[in-house]
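Common to both upcoming complexes is chain A, partnered first by chain B, then by chain C.
Right, the complex of A and B next:
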């Protein structure tokens, strides 16, 4: 059995550990140790203290703001991501290549720069920002709409890039058959195409949600740091760290990590349960 | 797909997608470019030649390059172990790779403070060795290492999975040892994946903000990276400086990622063509 392997892989015993041990050590030290330390620190005063810390008015507001803006972003991102991916795969039109290239821009642009860009577009001193606030009564910067916009920007690629390959591989004969049998394009979409896309849409949406609840760079510039109004959970954590509020910082951090892990776990479970066939 | 059948519904969807991306992505980018160059090129150049900016940029580059080197070596190794080895706890190892994607950058910085700060768990060690980690460059380096950890590994895992094992086997049969096989047979197949992974890591490292803010403190001239310089410029209302640095950092990241992407595509088409060519010549030989 062993001799079927190339010579350099027939190594036994300690030689395997030359690569394996440093790999385990690297990931263990880099990822597990910090996680264990923060969980230990947050639970050191007991669960009750942790619950108390996250239910303090300012912390609670920050967490709620983070959750609802992230949820709203996820909803919009799911719908618009689906439309964009569908258009990019199924239709030919001038400028399509350019559009396809733009999708990944948010992944390359540092999130702090994203925040700067949004302030320059919607800021109270800018033309568009002034127009929106005086003529339409909509405040974007230093208000929740700005947070949602920032989150939409940074997570736009997640849904689109999850759907695109699935849509590309989708068997066109089924759609043709449905059309031949007299289904209109709406019926074909809802009965044939959409069921195949549910999984990637959910996947991309959950991914963008878990990414959004921890977002800091884009949000801190756009939302500012106004407790009980525009302070998100990540910004609250920064404030708690700076004011030596160790219990508060640890409690909110643990909550953020737990939610993100739960969402990732859900993604994995969904993938395992329905992704196989 | 069918050009003839594209009715008003299709055009409506195209219009929605184009408008949405224009307003969400193109408009803010244009606003940054227009705003930064509002008073011409000269103020931008002037603000990019100040000592404070140069120091910040140089610190960013130093941290990012070191992170890229370490991530390239260790990331490739981890990917290799995950693809080629089988051992107890491998799935756990595979599962924790994505953890940095899920942890807020602020929390990353805070975790490192808990480890290396004044009341930190490893503080006794720091006192003994005298190496300052919290509010110093080593801490910022560790933070950047943490946030950029998944990129190289996730890029290399499929590349290593797709390696042609026949070639390794052949080289081995011809008497090549492990090193020779790695450098002559395996490495050439890894190259384009390595470059892409390095580029993503570099872009992520240069753009990191929250984690280095918390662990480094952002002291000008000492622990201030480019992003921290942008943030301080914004807070001190030196807008042109913030905008100029943002443009430089943003365009640099975008350019390197797109170049690496183009290179990867080029390599992929070449590989695909190579496969077709091979099968073609093989077929000729059989016939």
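Right, the complex of A and C next:
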């Protein structure tokens, strides 16, 4: 440390900007400037106009649909991701390595392809889709269940991959100690294992939520583009851009950005508050 | 009896981690399992707790067979080395967890946790989180948590291992006090012998999955039965000498045989133990105050706390072989550790380099003779098989090893042996090497004359012929292992038996060896007569049953098999059905010139079987008979 400090102090004047300037410039050009442009654009007619734009029936429905399908997906993802991670870490079974590899697949598959796959499986002309709609009365494609399925598919890795490393590092002797104290496996899971996983579950869930609200590719194929029925916020935005409704597009975009930003902020706060312990 | 383990065995893959362990812990007793890491002690603790299932054997807690009972129902308190406290619960919640599981009302839970906090000396800290406590405090919480349910037995897995030396001693005292107060039987696992001596009412010493000896700290230190325990506990001066009648002979010096050793002084060779504090030093032999051993030179001097610690080197004594402390490579003398009290060192100040007389105040003869192996190496690829296989067997059986390098090029052999010693590595009882620049037969004869051994191990391929093995067998009444490939694991052995007295010897030695390595045996007898001979069939069955019984007594699992037909063909068939690593055969009886012919008899078996090593066991009975004949002649 003693030798490193003077070296650090010596890099004064223009020298210390040699590396910093390009990276700051890059960050600014790539991320900040577009953000500023869209915010400035959305606010160009004043806040009232922005509020008006997002409260138009079609826009409002699209935003609501996006939020509730994403929320539902997040809930399912949290539970299933937790179970999947627990099974993957704590149990041995044939095909475990394969399953572990498959989990990352949704990140690699283009989301548009995801949508096509779901249509091929649940489409009204397909066997499963037909069975679900005629026998069970559940429409999947061009309906909200399709959106939830698509979102589940694309964001599945987020929860699992957040829990896995924590669970792996979790001291197995704590579980064994609980066993020697008479706890059954259910009590051990809820009282000993789960409390340690709350944080990664919340983290992963929030991440998958913010990933989901902006999803376009998979959703547009599965849900179609039916205003007031299956049009999500991202799809609405595209329509607005195409129909020269620049203000509508930027207003919904700003809302999506704000929600995503808020979620990120929450994740960081939670991390700071409980993660330190 | 709080805990009773009955012939517990456990393997991980092919490796035996717990090898036929039986153990009893009395009510209220503090029992310590002591052993190096990997000796299986923690596995035993986990088996008692039900966290690991044994493959064989039974676990009894308070006369209740709990072998198949899950951990939750065993009523054991378990303390882990890393505390294993529930990090997100307070200290009190941790302690109350077991009571919460049993749905004890909150008020009662609180009362109990207050009691326990007081017992372990942490009053007022119930509201803290584990992370806010020091290591020693955390372990006290873990102890309180383990005691909360008033367990029938308390199991402690190196509970003090992760703590500083000072805190360790403090906590050790509290641990003993708390155990006494609660009256619960405790088993503590540790590799720290000071801890074991301090805490244990009795100690069990473990090595390679076997419980080697059990006794009070005093018994184990003063009167160990095995070489392993003698050298593992404290520092030991261990010499191989002789017992004749009521005297212990170390070269020309004789010492009276201690009373407790009288019962087992039958055999000639004996391991003689004396502790560093049992050695007397003086300028003149008349001032020793005890019987002298010889004159030596002081090599080193140091202090271990109050006592002075010296190392003395004595010149080699004819017929005495040092076992511990280990003599450095190439050295011929005998090293000896000496401890002197402050009083003794003031009365007779000694400096390194000085010549002194060395005497022994008190000695102890080990009842268990221990095995010794001779590894023959000539620097070839073949001898690599002998070194790997011999090293494995010696480690498991805790046998003393002599490596004998035979060849023409002394420098090359020396380098090879040094390399081999490195390869054999740790876990060896004692390992020395010799180099012989002379023909094979003479070299082996000389080595055996200098120091008789139990087993000679040499690398061998069917193409090498039977000359050298025959020469080895002729050199003495030891057994011979022909290692065909480097084996670091033997789990199944085939014992080929001719029924009758020599066969019993084969079973006895095979059992002695297999017990150490935790391998199972198949006893095979081939009947060559026509199959309708009921009498010989039932006689062989009885004989094999006897063999199985003797093996079972020392804890070796065995199967019996009878085959009919020509010897080598039937044996080969059996070898092909089972996956044997080792084939054990009785050596043929020597002819009138003392020559043992392998090629004519068991040669047909050896050459027909591939990929396994052979152990040729010589009948000791025959040897004894022969000795008697010679003596009368």
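By definition in this document, the second predicted complex is superposed on the first by the 262 of 277 C-alpha atoms of A that agree within 3 Å, B and C clash if a C-alpha of one lies under 4 Å from a C-alpha of the other, contacts with A are read in each partner's own complex, and residues count from 1 in each chain.
By our rule, a residue touches a chain if its C-beta (ideal position, glycine included) is under 8 Å from a C-beta of that chain, and two chains touch if they have at least 3 such contacts.
Worth saying up front: this structure is predicted, and the values here are computed from it rather than measured.
Following the overlay on chain A, a side-by-side fit with no clash is recorded for the pair chain B and chain C.
In the superposed pair of complexes, A:192 makes contact with chain C only, with no contact to chain B. When the shared chain is aligned, no partner comes close enough to touch A:269: not chain B, not chain C. Using CA centres, the angle subtended at chain A by chain B and chain C is 80 degrees, rounded to a multiple of 10. In the superposition on chain A, A:51 makes contact with neither chain B nor chain C. By the touch criterion stated above, A:80 is placed in contact with chain B alone, chain C being left untouched. When both complexes are overlaid on chain A, the residue A:228 reaches neither chain B nor chain C. With both complexes superposed, B is the one of chain B and chain C in contact with more chain A residues.
In the superposition on chain A, A:138 contacts neither chain B nor chain C. In the superposition on chain A, contact of A:177 is made with chain C only, not with chain B. This overlay, made by fitting chain A, leaves chain B and chain C with a least C-alpha separation of 8 Å.
Listed in rising order, the residues of chain B touching chain A in the complex are 1, 3, 6, 9-10, 13-14, 16-18, 20-21, 24-29, 31-32, 35, 74, 77-78, 80-82, 84-85, 87, 89, 93, 96-115, 119, 121, 145-146, 149, 165, 168-169, 171-173, 177-178, 181-182, 203, 206-210, 213-214, 227, 230-231, 234, 242-243, 246, 249-250, 253-254, 257-258, 261. Residues 171, 173-174, 176-184, 187, 191-192, 195-196, 277 of chain A touch chain C in their complex.
Residues of chain C touching chain A in their complex: 49, 51, 71-74, 76-78, 80, 82, 84-88, 97-98, 101-102, 131, 142, 145-146, 148-149. Interface residues of chain A facing chain B in the complex, by the touch rule stated above, are 6-9, 11, 16, 19-20, 22-24, 26-27, 30-35, 37-38, 41, 80, 83-84, 86-88, 90-93, 95, 99, 101-114, 116-121, 126, 128, 149, 152-153, 156, 172, 185, 210-211, 213-217, 220-221, 233-235, 237-238, 241, 246, 249-250, 253, 256-257, 260-261, 263-264.
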